[in-house]
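Have a look at these structures, which come just after this line.
Two complexes follow with chain A in common, the first pairing it with chain B and the second with chain C.
Moving on, here comes the complex of A and B:
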């Protein structure tokens, strides 16, 4: 035990050497920059810097990569909140209320919330990573194809919570998303679907052109029409401090989002996009004023941001505990760890304790650096929302299309972004919520592929979908979340009815 | 009135600018021309079939600094992602065969892309330059699985239909698995996942009976004792897993479909250019720093020069051609 503590202490000391602090700051800056650019995420950022670190000591190299891995999320949130263009697909949920807050002049406050969730989500994530990683990782392994399919169905079922008001339009939007998820190469049968002979559609649709188009580009069209400034009130109202304060006012939402983030992160089959949307939908559903969401409700930023940041740490849970990466970015991080001789797994802390404790310490420090960076720069960033639309519209458009191009250096992706920009604009005009479409696209693939894999394993018997207790719970939760809105209505009617009885003479 | 203000000074300035521009252009044009007889004198573009961070990409980036050292020009890596690599192959095959555009591609993914997925390129017409990396395929079970070894596995699997996770339809692992199970007369339910990691995860959670995938994806899980290899599909034992038996040790008369990654150019790259590129690869493959790095990263180096590389590529091509009927039946729409 004393041996172990001396490892912990030496790891922490190692994290605080000048070289490692510099690597940490460099990694954070790079992470935020790749995060800001749509189309370039932490995966590409880490891969591009890999050759540079070959000669470095393992701790320094991993600290740099860990900083990029974690901090990119905040970079993506900045643009989500301020200009409605997500830096990465995983920042999409943040736009739902983050951008409306900016429109209300509260961009500063939204950024404050985002920065605070970095420190809370990341910090709690690291703590869970240190103390419960093997436990959570073993639980995550129990999710097979059947459970993953049911999880996707459950996540889809909570769309119901988000389409309050116009369920038919919401379902149409989700249906389009589900259809889009079937275009291209089908990994289970090996067939190509709905490509109509066009090579571009032989691939699965990329999420970034759809998201950037539906939100940023369609927003640009609206902004061009309206003129004025993003912040419609013409001045900045909220402050960073208010952001921190309003964050603290919602402990229940924070706790649930933390749970969703860490757990979905630990699942290799689902990632940040799913976790942030699930946390968002969960916040909407449990709120007393669900109709206030999408109009600049701070809770709508708190939930996805907290989930997103803790999800990044959740990704690392099975990665460190079992050598099973929780996401694509974590897979690259795992490769880099192996390259530097740090092999994860149950013996990792015995073999490479010092390096790993230095890495974990640095991950905590990264959250602090990002927070400090966030609160010191947000004030300047938020002023973007006071620029005249005539000035800022072309820049948002260039930025969005550049990001779409950067994913695969493909002009076809830019055209697709423009198409979805128009579609998003039309949908908004006619009152169709674009969020279910995005969710359908993300979850459709997960639901379909895993459903078919489960059916192969079970020889075509549906019993696999209620065989395990996890499957039973997920099934029950999905049913419940579909009928919940109706129960609520019934309950209210019953309540009103009773009152009526009592008040009647 | 304003016209008159353009004085001689401005004209002279403009002339000077024109002269300077002309000079710069001449020098710029002259530079590559003076070195044209000596390849390489310009940066070389290396196209990667997959995204940054994938194994093909990471391997290329590992070799990049050493190739730059021995060629003396920058190697610019470009990830041309799409259609499982077919997009980049269709692009490179039409490029100028001057040695300045190269492609790093996996095999048999290249042959499968052409034969099964009707890629618009011909694998064997590419100029094969060098293959530095290879990958083994392994059959793995959970570390606490009842299957003790291959003989035990075959005995327990007889008469049953076990489920096997593979990284994708028509992947190297899938092909090796089809050939092996046909030889052992085992019935198998193939469950295709998106990549080796997902397939291994399903195995580690006990959702499938076993997995066949590349050892590269399994590195960490093998070290973490989550997975246990029963056999490796190779003609020679893999030095990284020297105690794991191969077909020959088990007495199976089954060919291996090898998996390798190599660098090719458009058709008809001149022989002298190929020789220069090949020499740089040979020097890199012997570089001590490079070997140390590869060992640390647990990547398998199997150096094959242009001739050997082409020979392997052709044998893979013939093998897949022979299996074409079988495989297309698997990827045809279910009715």
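Moving on, here comes the complex of A and C:
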């Protein structure tokens, strides 16, 4: 016990050395910048700076990478809120109410909410990470292939049914996304599917061109049609302080989103996109005014941002405790840890306790640095929404397409981005929310791999999908989330019918 | 009377929403046919997804044609959390000009790389969708942006940028 606490104390002391503080600040700034640029994101940011850290002490290198890993989310939320273009796929859910807030002149308040959620989501996430990592990791191990496949189904059904007005259209959108995830190389059998002889499609569809196209390029067209400025009211209302106050007014939403974020983060392969959308759907479901979502409801920013930030920490639970990364960015982080001699697993905190506690302390400090940065600079960022679309639109287009190109150095990715821009525009126009499509694309691989593994384990029997109590709960919740909107309509009709009967002369 | 109902239903074809659904439906049929050529273990999951989505598309098409009142109330209940409700064509002209601006920028990027892509994006947008008096400002902004992107992406961060077919060495 004494040894454990001495490791904690020496880790905290190590985090506060000048070199590590400088690495933390540098990582935070770079993280925010790569988060702002659509398509770059934390994975590319960490990969770009990796060669620079080869000669560094492990703690300093991991602090730099941890700061990039965590702070990029805030950068992504800035563009999601102000210009409706997510820096990373995990920021997509924030756009749904963040951008309408900007249109209403409340971009400053939305950024205040986002900055506060960094310190709350991230801070609580780290504390939970320290105290609950072993427990959550052990529970996560109960998730077999069937449970993981059902988790993907549940995430898709809840998004399709809750976030989108029409569940049928939401499910069609999710179906298209799941189909897109099957294009290219089949990771289980090694066959190539739906490439139609085009080499480009033999590799799987990259997420970033699809996300950037569906949201940023379609937004370019919408803004081009509208002209004027992003903020429709012509002046900024609301302030950062209002954002902080607004955040504090929704403790129940915060607690639920924290729980969703940490739990989803702890599950291998589920990730930040899933957690932010699930938290958003949960906020819609539990709200007394669900119709206000999508029109600039602050809860629509609080829920995904809190979940996203706590999930980033939750992501580190399986990474540190089991050596299983929860996302692509966590996988890169895992690789960097191993490169620097910090081997994750059940003994990680025994063998490299000082370095890991220094990392965790620094992650708490990163939340503070991001919060201070957000509070000091958000006002300037929010003024972007008052600039003419003639200035903003070319910037969105340029950075979206440069980001899409940067992933693989391929012009075909740029063309794909534009194609999905057109598809996103058409879908929005006809009432199909593109969000389930994105989630389908994200979860498709996880759903398919686990579905096939489960079928192999059960020798072809579907009974595995309702064998365990976790599977039963997930299955029941998936079915309930799909029929819930219809039950609501029938309930309303019945209520109207009753009122009609009673009010009839 | 029946003729009137039929012609009303046929008018639905002119609506983009039905056309979009039909395009999705036939595309899914096409990929379903393609999937039949794959080994059974490889095709099972995509087929499950395609068939499920086809079924939903068919339901939506049928309901749109034969039970429009049901579609309005049950299949498409009033949006609750839907931020992306149908926006309609604001102005078709601006839509086409917007795409013309994007295509022009893409051609510039493909042929001449990002150094030309940035000015062309600004200028084409201003000429096609903006105010002409902003042109000088757009040119200046584009030059500054191109220089900043070159220094930040190319020199500092090492992020790959488009080189252009004609300028590639």
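General observations
Convention: the second predicted complex is superposed on the first by the 471 of 505 C-alpha atoms of A that agree within 3 Å, B and C clash if a C-alpha of one lies under 4 Å from a C-alpha of the other, contacts with A are read in each partner's own complex, and residues count from 1 in each chain.
We take it that a residue touches a chain if its C-beta (ideal position, glycine included) is under 8 Å from a C-beta of that chain, and two chains touch if they have at least 3 such contacts.
Quick caveat: nothing in here was measured; it's all calculated off a predicted structure.
In the superposed model, more residues of chain A are touched by C than by the other of chain B and chain C.
In the superposed model, A:203 makes contact with chain B only, not with chain C. Of the two partner chains placed by the overlay, only chain B lies in contact with A:334; chain C stays clear of it.
Once the two complexes are laid over each other on the shared chain, residue contacts for A:414 go to chain C alone; chain B is not touched. By the touch criterion defined above, A:188 reaches both chain B and chain C. Of the two partner chains, chain C is the only one that A:402 touches; chain B does not reach it.
Shared-chain residue A:469: touches no atom of chain B or chain C. In the superposed model, A:168 lies in contact with chain C only, and not with chain B. Comparing which residues of chain A touch chain B with which touch chain C, the overlap comprises 44, 48, 188-189, 191, 409. Within the complex, the chain B residues that touch chain A are 51-53, 55, 57-58, 61-62, 64-65, 78-84, 86-87, 90, 116-117, 161, 163, 168-170, 189-194, 197-198, 200-202, 204-208, 219-221, 223-226, 293, 296-298, 330-334. On the side of chain A, the complex with chain C involves touching residues 40, 44, 48, 96-97, 100, 162-166, 168-169, 171-172, 175-176, 178-179, 182, 186, 188-189, 191, 193-194, 196, 217, 220-222, 224-227, 280-281, 284, 290-291, 293-295, 300, 388-391, 393-395, 397-398, 401-402, 405-406, 409, 411, 414-415, 418, 421-422, 426-434, 447-448, 451-452, 485-486, 488-489, 493.
Note for the complex: chain C touches chain A at residues 16-17, 20, 24, 28, 31, 34-35, 38-39, 41-46, 49-50, 52-53, 56-57, 59-60, 73-91, 94-95, 97-99, 101-102, 105-106, 109-110, 114, 117-118, 121-122, 125-126, 129-131, 134, 138, 141-142, 145, 149, 153, 157-162. Interface of chain A with chain B (complex): residues 43-44, 46-48, 50-51, 54, 141-146, 185, 187-192, 199-200, 202-203, 268-269, 322-325, 328-329, 331-332, 334-335, 337-341, 343-348, 407-410, 449, 453, 456-457, 459.
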